[in-house]
Amino acid sequence: MSDSPTALDLPMVDPLPEATRKYFDICQEKLGMVPNVLKAYAFDIDKLDAFTAMYNDLMLAESGLTKLEREMIAVVVSSINRCWYCQVAHGAAVRALSGRPELGEAMVMNWRMAELDARQTAMLGFAEKVTQESARITEDDRQALRDAGFSDRDIWDIANVAGFFNMTNRVASATAMRPNADYHAQAR
Amino acid sequence: MSDSPTALDLPMVDPLPEATRKYFDICQEKLGMVPNVLKAYAFDIDKLDAFTAMYNDLMLAESGLTKLEREMIAVVVSSINRCWYCQVAHGAAVRALSGRPELGEAMVMNWRMAELDARQTAMLGFAEKVTQESARITEDDRQALRDAGFSDRDIWDIANVAGFFNMTNRVASATAMRPNADYHAQAR
Amino acid sequence: MSDSPTALDLPMVDPLPEATRKYFDICQEKLGMVPNVLKAYAFDIDKLDAFTAMYNDLMLAESGLTKLEREMIAVVVSSINRCWYCQVAHGAAVRALSGRPELGEAMVMNWRMAELDARQTAMLGFAEKVTQESARITEDDRQALRDAGFSDRDIWDIANVAGFFNMTNRVASATAMRPNADYHAQAR
Amino acid sequence: MSDSPTALDLPMVDPLPEATRKYFDICQEKLGMVPNVLKAYAFDIDKLDAFTAMYNDLMLAESGLTKLEREMIAVVVSSINRCWYCQVAHGAAVRALSGRPELGEAMVMNWRMAELDARQTAMLGFAEKVTQESARITEDDRQALRDAGFSDRDIWDIANVAGFFNMTNRVASATAMRPNADYHAQAR
Amino acid sequence: MSDSPTALDLPMVDPLPEATRKYFDICQEKLGMVPNVLKAYAFDIDKLDAFTAMYNDLMLAESGLTKLEREMIAVVVSSINRCWYCQVAHGAAVRALSGRPELGEAMVMNWRMAELDARQTAMLGFAEKVTQESARITEDDRQALRDAGFSDRDIWDIANVAGFFNMTNRVASATAMRPNADYHAQAR
Amino acid sequence: MSDSPTALDLPMVDPLPEATRKYFDICQEKLGMVPNVLKAYAFDIDKLDAFTAMYNDLMLAESGLTKLEREMIAVVVSSINRCWYCQVAHGAAVRALSGRPELGEAMVMNWRMAELDARQTAMLGFAEKVTQESARITEDDRQALRDAGFSDRDIWDIANVAGFFNMTNRVASATAMRPNADYHAQAR
């Protein structure tokens, strides 16, 4: 197996720009690795920067959704789409953030079997519908989220996190993106 | 019907920052309107900037795919997902860029009935598979694109444009985003 | 591209019988064209006559459904089946009869995003179920139509119009029937 | 259970016009019954006449397809759509016309398990695709029929018989049309 | 056509062990045939014994479900999976046990069109969901069965009978298992 | 959360018969637990014995398929059906038997992304088709397995293992069967 993060022959810019190099160093330091998705985009720094800007805004910036909730959405969407890369990487994140390894497993395998409260059930049900039949979403679906305690801003965030992984799942699967091996054993 | 670009109560930052105001002015001047998707994101300027950066890189930056080809992918994906906003807005773009109104209609209604060359057929077939069953994509699918004349960089771009509209389709449908009325009559 | 209305080599009876010739002349005069579907059937006048008799009874005869409502059903069904011919031809009819171009577009793209009253929503929801999962229709579905103000005769008409386009959509797609080019620009 | 042929309250014209009465008498004499589908349409003689004209042309008029082949298509389509009325009535026809009761059963239950020659397999495969995904039919599908010995006129007939039952299946299911009880024991 | 009960070349143990020979003799005497499924498994007596033990426990042992109800589940599941062998064999059983030939036909063709009481409707609706989307079953589905009068032990039995035919349908279809011809004419 | 292995109130026979007690003791000793599926069936010892006899024959008896290959089929089928219990328990078995934790993960998440040889790819492709569309299996599918080196006996075993998990997946999901917590951390 080659070292390439995907099945496409798209080598990283060499040398990397200073800012990118620093960003990768921070990843290495904090995560113990540079996630392959970043290496995959690094053949074009503009594309890498656009991706990381959107990713960081959605997953790390302030939101009415906790980081764990956003990662739960990520895994449920990635499970529906059967994305190898994203289930591995974000499944690890759910295990780590929740301290409950079986929660990460349930998000991958069948979220309906997880022990969830009413808020999380509503959130994941909406993310599932966004993924599977977004054209059938109506005001009733949005109102159900409001009734479960979500603000309109929260609804925006659920839709956008779910939407984002519907993008990255497809990019990863279409390019045979490989997850870093280290994820598998994390937070078990 | 309210003026809001979506069904969510998320008013634009007021006043808009100088840079955003200028960007909207340019849209008004060049397109005759500010696309509602931009107004929808403008409740949070970081989100708006992340969205426009990715959009502009994918749809307007240099690529082995023409702008028309990227718009064709956009409409085919949006048709599969039945996204009202994106079919209206990008259907107009296909009509305008191609000078063939019926081509925009065919991308919306059934791309297999359009008059396409082998390259475009391969491209749209891959975009369709990325949209409908990305988890089943294998090296054979990528090789078929190479055989049709696409480079690995082109394959990346097809996957990313298709992926992007799988995101925006879901965001637009989940929030009931309304297309600007002006699109309907354009380039007929 | 050949002149043939379909991909099959089935030339029209030549010369056409007097009655058919007159009917085509009326079409030319009133519609500005002879719809290709009529030319496609004209290789066998018995088949043409059976088709036009059923079509005219369903779409033009007296009914509790307006002609616009019947055309709305036609387009929604044709959109689900992604029939190129019928979406083009009947999409134009919805635009013309309603005077609302965007209504025709919404029937093609995603009827749930159109501005509809409760009666039309019930009618199109039933037509959709007739198209997608008729075997699951139960008395509850018929009662919902009665509750929305439809008579049993109206229910028959909705079912038959929806059924008819489930036939013609398949005939048109199976034979690669081409819509007359004039439809595209009509009533925009 | 009421006597009505459907769940709708649409009584037959009373008295029936002379021509209809004669037609029903012939049915009674030749089939031992008046098929309920005719009684269902008989609330409006124009609709009944349009239906019988199309039915008789498709199923009984001259064609490159035998009457048995047309009935086989009818049952395969009706099985996919799970139409109670049409599987019962036309399953009986396949049993009677073929003299092979198990052939009628196989058309209902799983046509791929029937003993068929290459021509019939191609014909039913096309009818299945017409029913399930007509929008994906391309010239390759039509050519496969030509290669199996069908003329373009035959292809038209296959498409139209398949299309017709996609209409009647939906009308019958949407109205809960009841098959005459006599069919069940016929040709066993 | 060969004599083999499946498309696989797996001849029966020869000679059969005494106990198996006796069991087959009893089948011949009571049913007038040795069901082909038993012959298919008889290449390995351990597998045959495991299959018959489970079958007899589920379908013949004491249960809150009548034998007819269990056969109704068998046919509905086999219809969804379009298993030729099981629809033929168990369709005959429903006809025989109920004395209502049309009930067996309805289980094969579209169970929603059968005349059923509320208990049977709930039972078959659950069996359908077990077959089509078991991962979406929640406590609400089980409670609906309890509300229809089923005990928790009955729910276990419905789930296990439905599960069992989801196994045998796939084994029979994957091996092209042929039903004994005698079934077709039984109990008509 | 209660201690019950399922959502049904079906307590184990108490006291357990001697043979069952011994079997459970062996499980405890060799696996460190009594799998919950056994406890679930233990409300009726005949059912438990029928289940374990079939399970042990399929998964542990001699076969042309290795135990790992049978477990790989188990997990791929359970992943398609999204069965929480079986993915957890048999995912652990794949990790343990292969010594490759990521192989167990890939069987759960997307088997097409695993590193497999041609034999395993053919085997899992067949198991997938058995699970998703068994009614469309034809001789071509069986021949493809023979071409990949499988005997007819092996084909029987693939079909039966795949069939078996299509049963147990549905029983487990329909009853909300809970996997033993110990599985999650095994063989990581």
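Read from first to last, the chains carry the letters A, B, C, D, E and F; within each, the first residue is number 1.
By definition in this document, contacts are C-beta pairs under 8 Å (C-beta built on N, C-alpha and C of every residue); 3 or more make two chains touch, one makes a residue touch a chain.
Since we're looking at a predicted model, the values are computed, not measured.
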Chains touching both chain D and chain E, listed by label: C, F
Count of contact steps on the shortest path from chain A to chain D: 2
Most distant chain from chain E by Cα centroid: B
Interface residue overlap between copies chain A and chain F, same or different (over half shared): same
Euclidean distance of C-alpha centroids - chain A vs chain C, Å: 44
Distance between chain centroids, defined by C-alpha means - chain C, chain D (Å): 22
Computed distance of Cα centres, chain C from chain B, in Å: 29
Mean-CA-position distance for chain F and chain C (Å): 50
Interface hub residues of chain C, defined as touching at least two other chains: 82-83, 110, 135, 173, 176
Touching pairs - complete list by chain label: A-B, A-C, A-E, A-F, B-C, B-D, B-F, C-D, C-E, D-E, D-F, E-F
Chain F-touching residues of chain A, taken from the complex the two chains share: 1, 79, 82-84, 87-88, 101-102, 105-106, 108-110, 113, 115, 173, 176, 181, 184-185, 188
Residue ranges of chain E touching chain C (in the complex, touch as defined): 110, 112
Residues on chain D engaged by chain C in the complex (per definition of touch): 7-10, 43, 46-47, 49-51, 53-54, 57, 61, 81-83, 126, 130-131, 134-135, 137, 139, 141-142, 152-153, 155-156, 158-160, 162-164, 166-171, 173-176
Of chain C, residues touching chain E in the complex: 135-136, 138
